[in-house]
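Each in structure tokens, the structures are laid out below.
Both of the next two complexes hold chain A, though its partner changes from chain B to chain C.
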Partner chain A sequence: MSIEIRSVTKNFGKHCALKNIDLSIPGGELVSLLGPSGSGKTTLLRIIAGLEAPDSGSILFHGEDATKQSARDRKVGFVFQNYALFRHMTVFENVAFGLKVKPRRDRLSKSGIRDKVFQLLKLVQIDWLVDHYPFQLSGGQRQRVALARALAVEPRVLLLDEPFGALDAKVRKELRRWLRRLHDEIHVTSVFVTHDQEEALEVSDIVVVMNEGQIEQVGAPDDVYDHPANPFVHGFLGGVSIHGLPASAYVRPHEIELSRKRNGVPGFYGVVKYIFRKGTTVHLELERDNGECVDVEIDRDSFRDLELKEGEKVHAVPGNSRVFSN
Partner chain B sequence: MRVGIKKFSVLPGFGISMGFSALYLSLIVLIPLCTLFIATAGLSLGEFMQIVTSPRVVASFRLSFGASLIAALVNSVFGLLLAWVLERYSFPGRRILDGMVDIPFALPTAVAGIALTAVYAANGWIGRYLEVLGIKAAFSPLGVVIALTFIGLPFVVRTVQPVLKDLDFEIEEAAATLGADRWKTFSMVILPHLIPAVITGFALAFSRALGEYGSVVFISGNMPMKTEIVPLLIITRLEQYDTKGAAAIAAVMLAASFVLLLIINLLQWRSRYYHAVR
Partner chain C sequence: MSITRTSAVPNSTGEPAVVRWLLTGIALTFIFLFLIIPVAAVFAEAFARGFAGYVKALKDPLAVSAIKLTLLTAGIAVPLNMLFGVAAAWAIAKFEFPGKNILVSLIDLPFAVSPVIAGLIFVLLYGTYGLLGPWLVKHDIKIIFAVPGIAIATIFVTFPFVARELIPLMQLQANDEEEAATTLGARGWQTFFRITLPNIKWGILYGVILCNARAMGEFGAVSVVSGHIRGQTNTMPLHIEILYNEYNFTAAFAVASLLLMLSLITITLKSLLERRIHQGRYSR
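Here is the complex of A and B:
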């Protein structure tokens, strides 16, 4: 099921959350809306779900105008950031909810509902928790229940709001890879919101980078990473900018090479302000003569060879830099 | 290691605060209640049974418990509605309406009783129209229910309101995206969260109604066998220096209230189970 967003605008009072958004999401893909907080990504997701009405513009599902449809009639699965599980219901009852509230004529029989719930719980690998209440589950397990509950109604599209936001780092990584595999299995058009570039680049087929209510770039993860459309995308995906060399150069921290002496290569000098050791890599914060701070990332071995200490001067050579025309 | 009933706590003063609480509770609640049973103990079982099963006493028990129950039920339904309106919608005068809910708490009950009687009597503002319909509001059991509903109103509203305020709006959105209509969302998702608070409010309104005296004696007319409530009967006995008779009736009342509150608490304990940890 493809989703078409046509010139959608949304204001909250004086604050403009979305400015004239156009986006087309092909069917069966896993799409991420990536951006800092306040970029309008969650608002866009809620408008697709019908939980929020756009001030102008329209939403089309499979070419059909759904703008006027309520959330109830849109047949979308929505996974909330804090899962919004029904606390007074067991895992089984939570997942069965969407099946039970259907009008009598389309409702499955009791045993039909039972079979379907168990099938879904097996799919999300928590069928052994069927009689537990949400408060007895871990964050990752709640996430899976929320997902199974959303999938139970066979949604046309699956929408996930910061699906891994409330989980700890290890579970996050596990769960997002699992979501990727699950999507390969069921192929429902899915859109998820995230502020974590690593997550977006790793999991999705298409990344939509948003900022201040506008779309900055749409593309495959490699595309967006290798060819950022503008300084914002570059910066948001972890890039640094260096001014006046002679134009502004945009480069990634790991693409900067450091040496003790200038070997005739163009670059700049900087003073090491801070050193952060981060597993296999080492982060350095350099301060240039003009006061600008530049992040540099080098591997542990080169760091050891350089024998750098905080306060020392070092020469940096940015490689592979890009220039954006304004 | 020290052994005792006290667990480790960063807050000091468990001993003295516990001791004071126990003393306070004894002086205010336990000792007076004990004297009630001591006074009753002066009666033989036969005498006791004779007092509490006399037709006039039984009729007053029936009225007191029946009217309190009806009033508390009415308050549960309309209190829930009122709390809903106050929490869910914003409209001009909302804060004034919200403040008005507390009036039954603040008003001297005798004043409330006189006001209600004036309004609901056969020649009162509302009473005259009810009279046309053949309904006698004041000086009838209905009048007792009206007075008890009035004084019990704030309990349900004030217990439900904070729960409604804390209710996560997302669970309603989740229900909507899963295809539930407004009624199903309310009955299957919202109401189960409010039930424990409604039960608490019901219990409070019911207990308050059982003991209510001031507002009822004006509107009921106090006709023996018909509109005489238990607290009034107790007062009457006391005025006749029949302390033992009064104590016997009071003891039955106390025991019945205790059993009812126990049942309500059990109900509540069950419905609270899944709220234990969020």
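Here is the complex of A and C:
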């Protein structure tokens, strides 16, 4: 099921959350809306779901205008940031909810519902928790229940709001890979909101980078990472900017080479302000003469060879830099 | 540094034992003087002429009529205020609309107004010489000095209880579960009965119990609108006052003991429910 967003605008009072958004999401893909908080990504997701109405513009599902359809009629699965599990219901009842509220003629029999719920719980690998209440579950387990509940109604589109936001780092990584595999299995068009660039680049087929209510760039993860459309996308995906080397250079921290001496290559000098050791790499914060701070990432071996200490001067050469027209 | 074992009970704030005993003693004396003795006195006086005297006092037709009227009044006021409370709390917690803040303040009005004034308001409105009096007389509708007036005054005095309890509860629960239910295909009424109501049921019960206790015990407002017609417009509190003024202490305290038992039941249920609601808030 493809989703088409046509010139959608949304204001909350005086605050403009979305400015004339156009976006088309092809069917069957896993798409991420990536942006800092306040970029409008959650608002866009809620508008797709029908939980929020746009001030102007329209939403099309599979070419059909769904703008006037209520959230109930849109047949979307929505996974909320805090999961919004029904706290007075067991895992079984939560997942069965969407099946039980159907009008009688569309409703499965009791045993049909039961089979379906168990099938879904197996799919999300928590069938052994069927009689537990939400407060007895861990964050990752709640997430899986929320997902199974959303999938139970066989949604045309699956929407996830910061699906891994509330989980600790390890569970987060595990769960997002699992989501990727799950998507490869069921192929329902999915859109998820995240502020974590690593998550977006790792999991999705298409990344939509948003900022201040507008879309900055749409593309495959490699595309967006290797060819950022503008300084914002570059910066948000972890790039650094260096001004005045004839023009402004935009590079990634790991694309900067450090040496003790200038070897005739154009670059800049900087004083090492801080050193952070992060596993296999070392992050350095350099301060230039003009006060600008530049992040550099080098591997452990090079760091050892350089024998750098905080407060020492070093020469940096940015490689592979990009220039943006503006 | 060596660790020494002290025999005293750990006392983190370090008050001397004297202070602790003194404070505890004052509190207990207070409770004894102002709560335990009066409660005991009511029952002692009620049974002053034995169990037979007690039963006889309660079987008195006037007492029975007062008990019936009190039950009827509470039976009208409590369900209506429950409906009103749920509706008001729902509107206030889940929607934005103009005049919301005024509504929130107005809900508290009955708590701020003296019950006697509350009663007088209705006399001025519905009394023979009141604003709507001539119209009511013309259509032969009796409100003041009759059961409808008592019910209206009671509704007015008790209407904050359910709403007050539910508003913070529903605000805390936000709208997520309702939204989830909607995306899963639930209709408005399905969402309300399957999601919203189960989440607030203990809060409703809590509000209803307090509302009921006040509805049955209300004196001031009801006294103004009742007219004190024995056997017709006397509720239990009014009946108790009349008996007392007639020096009929045994009968007065017998009826009073019923109200007192209602209070004890209310307190017990209230503390049980507080635990339920408290658990509900954290079992997310």
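Rule of thumb we're sticking to: the second predicted complex is superposed on the first by the 326 of 326 C-alpha atoms of A that agree within 3 Å, B and C clash if a C-alpha of one lies under 4 Å from a C-alpha of the other, contacts with A are read in each partner's own complex, and residues count from 1 in each chain.
Operating definition for what follows: a contact is a pair of C-beta atoms (placed from the backbone, for glycine too) under 8 Å apart; a residue touches a chain by one contact, two chains touch by 3 or more.
Just so you know, these numbers come straight off a predicted model, no measurement behind them.
Overlaying the two complexes via chain A brings chain B and chain C into a clash.
In the superposition on chain A, contact is made by A:Asn82 with both chain B and chain C. Contacts of A:Gln119 after superposition: neither chain B nor chain C is touched.
Shared interface residues of chain A (contacting chain B in one complex, chain C in the other): 49-51, 70-72, 74-78, 80, 82, 84-88, 97-98, 101-102, 133-135, 149-150, 152-153. Across the complex, chain B meets chain A through its residues 168, 170-171, 173-181, 184, 188-189, 192-193, 273-278.
Against chain C, the residues of chain A that register as touching in their complex are 49-51, 70-72, 74-78, 80, 82, 84-88, 97-98, 101-102, 133-135, 149-150, 152-153. Every residue of chain C that touches chain A in the complex is listed here, in rising order: 176-177, 179-187, 190, 194-195, 198-199, 280, 282-284. Residues 49-51, 70-72, 74-78, 80, 82, 84-88, 97-98, 101-102, 133-136, 149-150, 152-153 of chain A are the ones that touch chain B when the two sit in their complex.
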